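Have a look at this one.
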């Protein structure tokens, strides 16, 4: 393994009111290595990283940089030591261009008499982008580029900053970098990381243990705010890691295939000749009660658009969507929801919840009509209904009257699901339901999905990984370039292997 | 085991605990506290302040602010704003008096209908033609001001012969002015609408997160139009009440109520960002403004200083009543 | 939370300081005027203060700020403040307000005098405490200024004019506008090319005049409904290089206007003696309050009447300014009807 | 403007590995980001209609001069106000600030009521007063976390009251004529005021395009939280913006009163809504993050041209509000870039 440690955290303690986030954690990064940091949500990863970039101050413990003790009082300070982080939800300002974002708040380097030298900036920008293999013009507003590009821009920005502050071996922290990326983009990301590695150290946080194992030289596992263990690439096995993270082993059958039921006779959803120009060509399929149909395909294959047309978020040009015998009027989410179609969005904070309103209000949103007495909504019924679903979905909240903004991500996701369950949906569209949640949480969701199937709810899902798709669904619809190229049945214990599917996808 | 987000983001966790831990004083209480302080101070300044006569005066002035404010509040709750209340009030006030002369009692339903239609138009400018409410209503407000002047360039006096028809508002039941009773009725209606009906609650959902509301199947077009209709009705009613009280219509009557109505809403603690607030807030807001207006004269504050003090007080009161826990950014 | 409580206390203390020692006195004099931000309205205030000094009673000044409802509320507040021990002089924001004010005054038993505007079909004598309604007639005033303006044309009585109205909807504006119409009717040789409403506002008058001068070349005169607008128009004429050649007329008799007349920019204005207005109003309601004036016995012609304004042109500008503006004259208020010119129907 | 320069460079740079299409893209993007195309279009349409309606008089040199000199002051105000809007806030303090500054101009320049004469120092003084006012509004907004709407509204009322109190509502005639040339004179047929306004706009536009301040301004307007994360000193920028706005109001107050040759608090009246209208018509999104000084100025020009044209076309004054409103709605309906806004609120 490489030479001296660049930065070392020793016996770090950090506790919040009622929570011990970190309990004597040791952590160190050496030159030119990729460290994989894994652990469940709440294991303390994010807190540890926040300390590393000066966003949070440790209660106890010391940080040494190449042997010298240092204190990192804020992100700017950490940046001066060449420590920077690429956040999960991105930190680029949408209405500014790539170039403007690259240098935001550090334009001094390009200043003359208070004015900025746009040419010099543009040249530097082009170099930086070239290094992270981004072809997009630096004058494009961030709002108009893909998540992948944004991520690259952020990485480029960090590299440039560390150079600006004369740090020969910067430390990049990547928090769940791949969740928003397509397969292909993922490849490029890691190849770039490998090349960056030649002059920098990288901390990689991901729930995708596969990519952790493949790409990191060293793997650090946290659990409940403590170091569990640390293993080198050589002897890292996914099963062990999971076992270490969670504290118990998973059954071989992680997707709970045993609980997979056979679809009922009646068709919940019937789609015929659905078309949307420049998105996907005529497509017909059906979902039966209790059936889980998963859409797979690369980004741009049209699967996203199909789903958006199903629940009316986009307007199909032609074709029919029939839900429970009732034909949906195209482009009307209202009609879709009214006819019993649910939708768990990929971005719960901005599309799933009214963060400024209480848990109860969010849970009750869809069923207000049923909580009436004498034509008026009854507070009593509101409360009881909310409490019932808070109970059923095990939402951890001080009270039904707590603002959703004050819930943890997991509980927010549960609130979204509770909202739909309470409204007796016939069909549920799950858009990456396990995105950014840890192994334990994933299991909870799988459990839930199976239960929904038992209750006869049909589901259309799009998952983060192919394995997940295969494991969960009864039937798999493969899309490519806007066309339905294959339909693969996935009965329990006779599941196809990812390789078979990949063939169809690409 | 339940690892599912059990201790996800420590930051959020901390907030949750904090919330569960110590009792937060709801911003609304500060508003009430402010009102109490005002009452106390003015009573100390002049004991006549608490006389029945004067309380009635305060209530009557607050009534108008409240009625127009309740409507305004709906558009603000839903994340928009209605700058056309001024123009609409001017128009309705002249229309009302003119029509009282001609069609008699029908003037009441007629004017309310005008409010409904106008509000509906405002709503559609926003929802269908997709013009930001700020600009749409600024424009339509100007149009209504002109219409008011075209109907009657001069203030029109209700003919003394027809004063009887204004008794609906000007009369009183058991020494309580009809104006107050009607206003109470309006308040109750608004309260029930916003708290106990689906479309009313939808206003809060849409104001709080319009994308989510749309994806959850709330008819955002209908809801937003409804909010603007409510605003139109509120303004129309306020204009009717005023015209009755003043025994005449005035084509320049509305102007002052554009900012005053918004002030009444915001002083009560309703956030201009939408989603948080409610009728109670507006009630308090209206009474704070009215109490100031009245109290400063009752204790004899020099007319020169009154505007300045009012300005200072609304800033202070919003400082107190603005619930920052619900609004991420203050803009 | 502590923050909040602190603020509340601060606020309370602040207001207490402001309101300290503000207690109702024997009989209070009160005037309700439109605003304190217009010179002409301030003349009322000065007059009232002068009178209050004479009789040695406290004076309260209320303003409506173009808001009828505020006006009414403030009057009620004043009644509450003084326990109805007050003598009122009121300039209603709108004619129609007079009724609601009258009812308020009756309910509280407060004597008052109204000025400028009231509905024509509302009779003062229907209200025992409404002593009288007095007004300067805007009509003859406008007739005078318009006539003076005509005299200044190259060929007197023949020419083209533009006009500026005040806030459309204000009674005085309406009266004055009718006065102008009368003169135009009597002088077919005079042509009104265009008018705008500058809402009594100097800046808007300036802007509109500049545009109108472009739209209507060869203007011989500018008629305006008050001096503020007249002064704005003069400024616009200066920039067009027409000041002095094209004369302006106004109304109200603001100090600056006299200088403008002397400088030859303006032809005429009409001084509505705000000081006398305020003093007469207060004197009458005080007298009634003290029982020195038996309202019931007053003949109708003394309950609604007009008093003449002072016509000002180049000839008497200096004299009038000296008498009325530079020093507040001491009026003989023994006879309230000394300046009575005609009864209002 | 600097936009153009950048644009040229982009074409050169992209020209290498993109050829014509790239440069076209760059050009198109510049036009989109410049974001004045719609406004220019509106202006052209308005001008065309009026040119026809007035048989070309609307486009006469003298009228263009009038429009320019009348648009200058609203433009300066709008330019001050728009940056607050770009931040996602709103500034309602203009009327109060201007009123106070105008009063000070009257009392400090050579005048008829006192012996003061600060001469040219008046400019820094009023600008300073305006700046302080803006600074305090900024404190309300950033330190006390009061929404800009109320913070500035309260500020406006406070200062308005102060202005009226200090001036006692009197008009103060200015004797100092040194500044008249600035506010009324022309250079090469172009009003000096317009040149000053243009200079301000150009400078500020350069600052917005080419300095860190500009970057941070739009970063905050785009997403305050992210900007903060990136290390932008949000509070500082806000303070600067509010203060700048105050400075501009102070300056325009100076021009307003010197142009009218007199100072009165009510000069501040009726400035707010035209300014906000100008900002909106100019294409500054009230949701923040979009639009620059050139937009605000252009908006002011459109609004002024509209009012001027309506007068030239002899449109019934009663209907002018309606026409203004309709044009406002229409203009925005045509020019607003809905792509950038998502759900319109």
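Per-chain residue numbering starts at 1, and chain names A, B, C and D are given in the order in which the chains are listed.
To be clear about the criterion, contacts are C-beta pairs under 8 Å (C-beta built on N, C-alpha and C of every residue); 3 or more make two chains touch, one makes a residue touch a chain.
Since this is a predicted model, take the numbers as computed values, not measurements.
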Labels of chains that are neighbours to chain C and to chain D: B
Pair exhibiting more inter-chain C-beta contacts, A-B or A-D: A-B
Gap in Å, rounded to a whole number, between the CA centres of chain C and chain A: 71
Distance between chain centroids, defined by C-alpha means - chain A, chain D (Å): 44
Inter-centroid spacing, chain C versus chain B (mean Cα positions, whole Å): 33
Per-residue multi-chain contacts in chain B, two or more chains: 149, 153, 211, 214, 304-305, 309, 312, 319, 328
For chain D, residues contacting two or more additional chains: 164, 318
Every chain pair meeting the contact rule: A-B, A-D, B-C, B-D, C-D
Chain B residues touching chain A - in the complex, by the definition given at the top: 1-10, 12-21, 192, 195-198, 201, 204-205, 208-209, 211-219, 275-276, 325-328
Residues of chain D touching chain A in the complex: 2, 5-6, 9-10, 13-14, 22, 25-26, 29, 33, 206, 210-212, 215-216, 218-219, 221-223, 226-227, 229-232, 289-290, 340
Touch list for chain A against partner chain B, complex: 14, 16-19, 21, 40-42, 46-47, 50, 246-248, 311, 313, 333-338, 343, 345, 350-357, 361, 365-366, 368-369, 376-378, 394, 396-399, 402-403, 405-414, 419, 437-441, 444-445
Chain A residues within the chain D interface of the complex: 75-76, 87, 91-96, 100-101, 104-108, 111, 114-116, 118-119, 122, 126, 137, 139-141
List of chain D residues in touch with chain C within their complex: 54, 57, 60, 62-63, 66, 69-70, 163-164, 167-171, 173, 184, 256, 259-262, 264-267, 269-270, 307-308, 311-312, 314, 317-318
